[in-house]
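Note that the chains take the letters A, B, C and D in the order they are written out, and that residue 1 is the start of every chain.
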Amino acid sequence: MDQLALNRNDLQIIEAPEPKEVILPLKGLEGRDKLRIKIGQRLITGQVLYPGLYSSVTGIVKSIDSMSFPDDDYTVIRVEVADEDEFDEAIKAEPDFQGKTPAELLELLNRANLGISEDLADIDTVFVTAVDPDPLSLVYQQVLKEFKAELSEGFKLIKYLTSAKRVILAISEEAKELGSAAIGDVADLMLVKSQYPNGLPELLAQRIAEQDSSAKLAFIKIEKLISALTILKEGKPAIYKLVTVNTKSGVNNYRVRLGTPIKEIIKEDELNNNDKIIIGSPLRGAACFNLETPVTADIDLIYVQDTDEVYNYQNLQCINCGKCVKVCPVNLEVNLICRYAEFALFERCAELDVNACIECGLCAYYCPSGRALVQFIRLAKDEIKQQNIEQLLVTTENSTEEDQ
Amino acid sequence: MAKAKSISYEFFKGFWEILPPFRLVLGLCPMLAVTKYVENGLGMGIATTFVLLFSNIIISSIKSVIPKKVRIASYIVIIATFVVIVELVMQAFFYSLFEKLGIFIPLIVVNCIILGRAEAFASKNPIHLSAADGLGIGLGYTMSLFFISAIREILGAGTFFGMHIMWGSYEPFAFMIEAPGAFICLGLLLAMMNLIPNKLSGAN
Amino acid sequence: MKLIVSSPPHWHAKIDVAKIHLHLIIALIPAVLFSVYTYGIHSARVIALAVATAVISEILIRRLLKKPVTIDDGSAILIGLLFAMIMPTSTPYWLVVIGTFLSIFIGREIFGGLGCNPMNPVIVGWAITRISWPNYFNLDLASVGYNLDFNYRYPLALLKSGGVDQIADFALIDLLLGKQVGGLGSAAAIFLVIGGVYILYRGFITWEIPLSFTVGVLAMASIFWLTDSSQYANPVFHLLTGNVIIGIFFLATDFSSSPFNRWGMIVFGLGCGILTIILRIWSIYPDGVLFAILIMNLFTPLLDKIHKKPLHLEIKEL
Amino acid sequence: MKEYIRMVVVLTVIATVCGFLLAAVRKGTETRIEEQVLLYVQGPAVNKVLSSSTNDLIQDRQEISVQGQDYLIFVGERNTQPWAVAFERTAGGYGGDIGVLVGFDIERDIVTGIGILTHSETPGLGARVSESIFTDNFNNKTLNANFNVKQDGGFVDAVSGATISSRAVCSAVRKSLELYPEIKKEIVKQ
């Protein structure tokens, strides 16, 4: 069971070599025509290409294609990197952030490619996750160690930005001393057991909600908070991402420029046929089928799984052992939901609150029948979503008929 | 029912096409309760057939007189009359059978097959067709009861009409003549009956 | 370069159905060995026949229904073994064959196979044969012809017919050590406890049902015992005799026919324990464990409704 | 309104016709049913307890009045001489009244045997009092024997697990014993 322990490791950050070409992904294929750039155009670092899409390098646009990644189809922009970064002038340093209003700060940060949610009203508790949510991931603790001096200022920033009453630092039990030194008098400490899935934000939120059910919660990853601080200090956009790369040859924390294709980090000669590259957690992440997949701000971990370790689903009949129910962190009756989903009884799934599922993958991890439980749940969620839309359509049609 | 309504069709449909209780799944209560022995099953079947035949004839002949709103009440009165006649006659001439069937004779009144045929068939069709329908369904029901009670008696008691037919050292499978045995036997037979047409249509 | 693509999770605990059943079978081995040691070749005969019948009938039924044959998951072997464990040594060969076949066929396959049975298949097979051929379940006769170094009367039958005075010479330690007449394996209390603790420790079954079952038996027996100890046997006697121990660890915990929620399991176990004692005291059967489990199996869908509602939190990521 | 009248009339007519029909059938089968009941319900028990009689016990049944109450009795005859009498008494059992037919040998003043006529005891438990293994307890017992179950100091082996039903049978037998002298007097008179 130690497989699910959240690893601890002291690593040095390795600066990944600067890429020769970056890939900037834009979700969906519709945005393609609305892009304000042309092939051959020169981009500067931090330039806005589309609302929410920024250039992370300075260079020339080589092509605009479409590409498929596990979650969706993307419009991708390939940029050939020039030698020197030229930064967008619109981003200015604001070391003393309290001189600006929170709204102005937010605009500045988002202009600098941070991507903080615009809707910050009604938040009274913010927690900063400094515990790695997934096994194998080492990014959060690395950031915590690296930037422990800046943390208390970061808490002040987030408190000011959201006008929250309370800031909580979620930290693994082993890093307790580090945490209590960092919080100062600004934040509270929440200790997390180093075992998956305790570090997932949903479960941290659940723990807070158990104490205070009326709290309106939001969370921010520690790396993002540090990025925000760096932007305000240096006046440069966020262009680097820390990624744990776990290959057969070893584990390293790389600082990678956003948009770098993963083939630049994982050399092809390290891979065998039928290996599996997992972007994200071994329990939640998606298998990568395209080595051109760019590193984005959401990627904390890239894990190369050897052929021998790849698990094949059996999808045998459910034996009703109840293990999935026992391990489910949000108390779902997984066995029932998945059998209902198997036989297309999606209303029953909805009755059993399938939408509360956080897709942590523990049920399928433990399932002795080797059933693809997460997929059944995703299917149910998706069908419920679509059927609700259909229902809405039906009711509107009926009402127009009645009107006539 | 697209087929032409002929006496022979109405008579024979009860033997397979809508064979009760396997196809109609009606009349299960006596089916489960009185099929311990072949004698009981057969007696129950014949009593039901008698009631079914005469109630169908009478209801079909006076169907135009009965107002719609009181038709169920009228049917029940007519059916009940025949049931009581059956009960009295059985008591007078076949007392041992009467003792075994006991409460299930009066309960023929609420056997869904009879009211079902009265409502679904006799109240809409002429006398001769109704008679054929009643007799056919009744005999089909008798056949089913005979079949299931034969299985239960042979396995559960090792006898057939009370005669020992299994080998000497046969230990009766008493579960079959208990109530749970009836449920399992009926369930398996229903499953088989559903399997056969599936197989047939699959072959086509 | 070919890469494998599949959906998450990409890890697995590497526990499969066959492994669970294998360990359940391993846990039964002490009791099996003990029964072979005590009753010799007849015990081995019943066990071997039951296991063989279970496996063969599963193959035949699955072939007939055109379903994949899944005997390699070990569940048929487990059913055969458990069925043998609760039968008397003297069971004739045909009864073993019919009982095991019914366990597999009526108990499980007609409901859809492993995981779909609403009642414990072993007990279904047992109950059908128990009703049909009660004479062969007379455990007092089962020990005839053996030179046993302990009281060769079935304690529960003695309790039923003669009352508390009759069972005075059963030392509780003897009952614990398996020096009592009972089902083939179900009499070997201590060996079943060893096996049960093993599977509990390895996590193949959970603690809820065994614990609450035990508590149910002890509590209900204590209530009777405390009201009139001259008429009712002491609680530990009830715990150690008959099929209670095998029921606690191996029969009540059958995955498919027991609840999967914690509180459902606890109510289920308590119900089994309470009904066991009630049936022992008021029914015409000397032992009530198997019927108690069968009755509680029917409540399983209802007990599954005892469930904490999932928490649906909306949290915002900044 | 017309419709309502029609409904009432039709239902009344149907009910009346059915009523008459049933009355006629009932009338026609009444005596035969009575014979059948005697033959099948009381017959076997009477024949068992008075087994060495030469007459037709059912046909020779008679009703006699003792202390203002009527009792149906069966008189067994040998060589046209009455030698035994049997009649039914009831007592409350576990599930309702148990009707017990007790046969008496009037020559030797002993109980020849008993038979259970009606009962509603639990099948497999109390119902086992009607099995001969229990009723044979009472065969050829003198009148002064203690008709009680063994727990109460009598000689009767109770059906195991069905003491209440066994006690009820014993109590019905004791009731018969009380009545027996009166009935014997009546028979001897005849």
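Structure notes:
Criterion: a contact is a pair of C-beta atoms (placed from the backbone, for glycine too) under 8 Å apart; a residue touches a chain by one contact, two chains touch by 3 or more.
Fair warning: this is a prediction, and the values are worked out from it, not measured in the lab.
With centres taken as mean CA coordinates, the chain nearest to the overall protein centre is C. Summed over C-beta pairs in contact, the chain pair with the top total is A-C. If you average the CA atoms of chain A and of chain C, the two centres end up 48 Å from each other. Chain B and chain C have centres, each the mean of its CA atoms, that are 41 Å apart.
Distance from the chain A centre to the chain B centre is 68 Å, each centre being the mean of its Cα atoms. Chain B and chain D have centres, each the mean of its CA atoms, that are 35 Å apart.
Those residues of chain D in touch with two or more other chains do not exist in this structure. Shared contact sites, meaning residues of chain B that touch two or more other chains, are absent.
Across the interface of their complex, chain B is touched by residues 98, 106, 110, 128-129, 131-133 of chain C. On the chain A side of its complex with chain C, the touching residues are 1, 3, 116-117, 119-120, 123, 126, 158, 162, 201-202, 205-206, 209, 217-221, 224, 268, 271, 273-278, 281-289, 291, 303, 305, 307, 310-314, 316-322, 325-326, 330-333, 335-336, 352-353, 355-356, 359, 361-362, 364-366, 368-370, 372, 374-375.
Contact residues of chain B toward chain C in the complex are 171-176, 178, 180-181, 184, 187-188, 191.
The part of chain D that touches chain C in the complex is made up of residues 124-125, 160-161. Interface residues of chain B facing chain D in the complex, by the touch rule stated above, are 62, 65-67, 69-70, 73-74, 77-78, 80-81, 84-85, 88-89, 91-93, 95-96, 99.
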